[in-house]
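Please read the structure below before turning to the comments.
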């Protein structure tokens, strides 16, 4: 590992981003349930209260609506809050403030006000937390004009994207995945940003493209590795931000590989995979397709508790391998 | 008009459905803001309180979360509530109760409990009510397993579908459109039902299929009429319920016409049109397509107030004509 | 605590401006010149004017669907207001917001709100900014009696209290939320009782008495500026007109409306000013003339203004 | 109001069952035999047992993420509970729900809830059913101190009050919501004060005294059955264990925990029963033996049960 490179977990990378941005800009602060001495349900803010004090790391009462609404109100008046909703499932409680207020204010006010806030939250299944603590609800947010939606899959991206999100002048929902928090990854020691709206080609390939995000990226990469041993060359693209979506990179890849599989954890019906599929269908890549675009998604069921059931509810590495295998033989 | 046929507005048809179901089943009752003496913001329940009394037509305080939650609690214990959220935008306030509770209880409880409730609400733009009173948020609901989603476009369907929704043992979100309330249509005098999950071919055609729902159905039909004068023969399909979706009828139509345009009022990005597109892409109809599937949707912006802007935000008859014209020439 | 003579005159003029402005809006709604919906503030003028007189220009307010009065009391430009109502490019929101979204964040008006209760947590957020930046400002958070039964009311008042935020929560209890009387929606008579749940001061005042409103809000503002935290002030008043564009008003009696009209806040204050010799009939007439001409000017301005061009349609979705 | 001897013995046995059940769950969480999360009721047994003793089998309860105690006190089958916790097909939810979703609607347990406050409006709904069907039942609605700051708490208590619903709202104030002390989350000391906002009776009781809990809930139940509407009862208690699976407990001192452990509800009640001669040491030992064997049986049953088959995965999404 070169000297100017460090290895951090996703959790630590997020913490570093929060620390750097709070050091850089005194308007940045955090609020949420149990983010202070407890460090947040997933430990992301551990130690930050000790470092920045209670005014900057605000423990709130158990009140999601006002967490979202107060964050937006302070953003509207000059702060840059990073609010936390402990589990993504509970953004439903602050939904009016997020969807009807934060997302729309810039437009409704004729462009004369801004809401530079970040709403961090943890999505995804895999921890046995069942139906009300395991959802991937990004599709609900991507549909709402005015919101940006970020879903990093690596520590590197988590850091760079969170910093960009905090500097963005719009409400950004920043969706972390519970199973990624302990994943490690390398990044520069020095400061860097990752821009919102830039997909990343995580692996080059020629036979088919997989678009995957969040936890599905490592799964897709592992699947691609295995497939390469069978001589199948897969390109893996991580959009990293769903809104704005870097459709051009996806389109370009499909023009090269002629086949597309979209993989996400959220329920398939009305999931964001449908939107990606539709955008490719509507693009110039359509003429290059050698097979219909396929989606591999979470099933259209609530997340069950029992571990065997839970595992089968969302795509696993093997499912990806199977889906790609089918795709590359189909014409 | 034959003697056994009556002509009612959409509003009156809904009222008739509510009346018939309350007469038929003593467990059916209504609750919502200003549904009693005021008759609801759009007059649907006008007169029902006088007829059925305050116990059956319950005016609630201004509290959307408990409207949804109490409806589900009473459904869980044996009633069949029809709750009303005045404007669809405000389901965001009751979203936790709808998405995390009502939708999931049957599954989370291992199939041992039911939540037979209907949530009626008015969606759509066109009344100058601006960004917080004009949304079409069905995509948020269609994504959630456990919910059914109904969007009638005619008085006939409104009546038959509402009755079926009330008799359904699941939480059903029943989305009315503000601009449809005064539309008139014919229906039998005698009782009838329209099943959930059955699309309707509203117009037969051979050159292209339009899938449209809610307010876009009359617009699509009007467009199809005009197009027929230019010799273009359009098939118009109204899915009527988005969940469950009668994809087979859509697929069959596409196999016949080889071209598909999906039209809805909601924002395009992550709208339900993407899901319909994806399902057709994934179906056997893919091989029959002579042109890429197209979507014509609301723009990805909040609904603006000024009438000229508002009109241009969502598809109009002319837009449909244009989109179809492009589609039938493309290859 | 009594405002100066010129302040009193200003207050009268503002109340009259609201009244006449709203009468014009009512006319435009009927004639279809105003396209969307509109919620009129007639009968409630003393609340906005009394409250806003108690703050400084750099203080904040959050407003409601019934927001024209707050706007005017906070010093809005009538031209840009009327333009917004007519959906014109010169409006506060370039025609994109309409009646329910007029805002002027730079001037401290954080916006009307189409969602009942929607502005309450936003006021808390402004309070956070004030505290964190060490400003000496306050926030007036207006909402109706209906909003007092929204979950966000509860969460917000609690947060403001535990964080000691400089927010004054002002309930305009006009006795109804749409058709729903407070006696149906509440099992308590005095809504200000709810302050106790959050450990903050609560008081009920005659909301048709502009000086009483001014006085109570001034106290609450001083309290907040002293770093003593939020208050809850309930102003008892009445909505003269229907809830919005169409309202058969079957939920209340003519007698009740008539009774409240006798308790007109504008007449009461006008009478007081005459009694005390602060204004003469003649001066009043002159003010009336000025008000009418300012509204006429606003109408002309709005009517002469262009509609927003279609090119602006997709602008301003995201800030950059 | 004093329960019969056999009822007292039953209560003791239930409290002990909860304690021993939760100790087993704690062990299984550590060993990874229980897969998901789990929130233990140890230290709070008197609330569920005292409250549920005050109702009849056909009355309803709504429960919380910390729901095992309510379940047992409402008479749940330990075998099916333990099976659910182990994710087995024989569990209350066929393994689909887990700890946070155990329900038995037919037996009146409307379910645990993973969303803090999520069960409160549901309790109102059950109250509506009771009223509309003319039943004489009541609903006990359990929730924690954290939930008292959720918007749905506010909306629900108000609705229950204006509609006079037979719901008893029971706050288990165990001093913390996760790491957040009530003194941080509230600006009032006595949470029962909030009842006044809704015009309903409110009372605070020693939640570690099962007989006091029984007594207060009995009063509230009688009130509700008489058609006099809802009540709010706050039970002061303490959570002995960490919030859930992992919790460094940096937000409280060992001394505080030790102090509350001295105030053990189970020991207190046991001591009382001994003092009064209701139970002998020997009988107590016998009860302990029965409890332990019932839990052993539940563990065996659960461990011998099959996991749900994959075929059930997509079942039960929609009722038909």
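A, B, C and D are the chain letters, set down in written order, and residue numbers restart from 1 in every chain.
Going forward, a contact is a pair of C-beta atoms (placed from the backbone, for glycine too) under 8 Å apart; a residue touches a chain by one contact, two chains touch by 3 or more.
Just so it is clear, the model here is predicted, and its values are computed rather than measured.
Chemist: To get from chain C to chain D along touching chains, fewest steps?
Modeler: When the steps are counted carefully, the minimum from chain C to chain D is 1.
Chemist: Whole-Å distance, chain B centre to chain C centre, using C-alpha means?
Modeler: 36
Chemist: Which whole number of Å gives the spacing of the CA centres of chain A and chain B?
Modeler: Whole-Å distance between the two chain centres: 31.
Chemist: Taking each chain's centre as the mean of its CA atoms, how far is chain A from chain C in angstrom?
Modeler: 40
Chemist: Which positions in chain D touch two or more other chains at once?
Modeler: In chain D, the residues touching two or more other chains are 93, 95-97, 101, 113-115, 118, 149-152, 155, 158, 162, 184-186, 317.
Chemist: Going by the touch rule set out above, which residues of chain B reach two or more other chains?
Modeler: 61, 63, 65, 89-90, 93, 96, 100, 107-108, 130-132, 145-146, 299-302, 304
Chemist: What is the shape of the graph in which nodes denote protein chains and edges denote touching chain pairs (line, ring, star, complete, other)?
Modeler: Per interface graph, the chains form a complete graph.
Chemist: Any idea which chain D residues touch chain C in the complex?
Modeler: Against chain C, the touching part of chain D is residues 149-155, 158, 161-162, 184-188, 193-194, 196-200.
Chemist: Note which residues of chain B are touching chain C in the complex, please.
Modeler: So the residues of chain B touching chain C come out as 33-34, 36-38, 41, 59, 61-65, 89-90, 93, 127-133, 299-302, 304-309, 312-313.
Chemist: What residues of chain D sit close enough to touch chain B in their complex?
Modeler: 60, 62, 91-97, 101, 103-106, 110-111, 113-115, 118, 120-130, 132-133, 151-152, 155-156, 158-159, 162-163, 315-320
Chemist: Which chain C residues qualify as touching chain B in the complex?
Modeler: For this pair, the touching residues of chain C are 35-37, 84, 87-88, 93, 95-98, 100-101, 113-118, 146-147, 149-151, 177-180, 184-186, 247-248, 250-251, 307-308, 310, 312-314, 317.
Chemist: Considering the complex alone, what residue numbers of chain B touch chain A?
Modeler: Where chain B meets chain A, its residues are 89-90, 92-93, 95-96, 98-100, 103-104, 107-108, 130-132, 137, 139-140, 142-146, 243, 266-267, 269-275, 277-278, 281-282, 286, 292-295, 299-302, 304.
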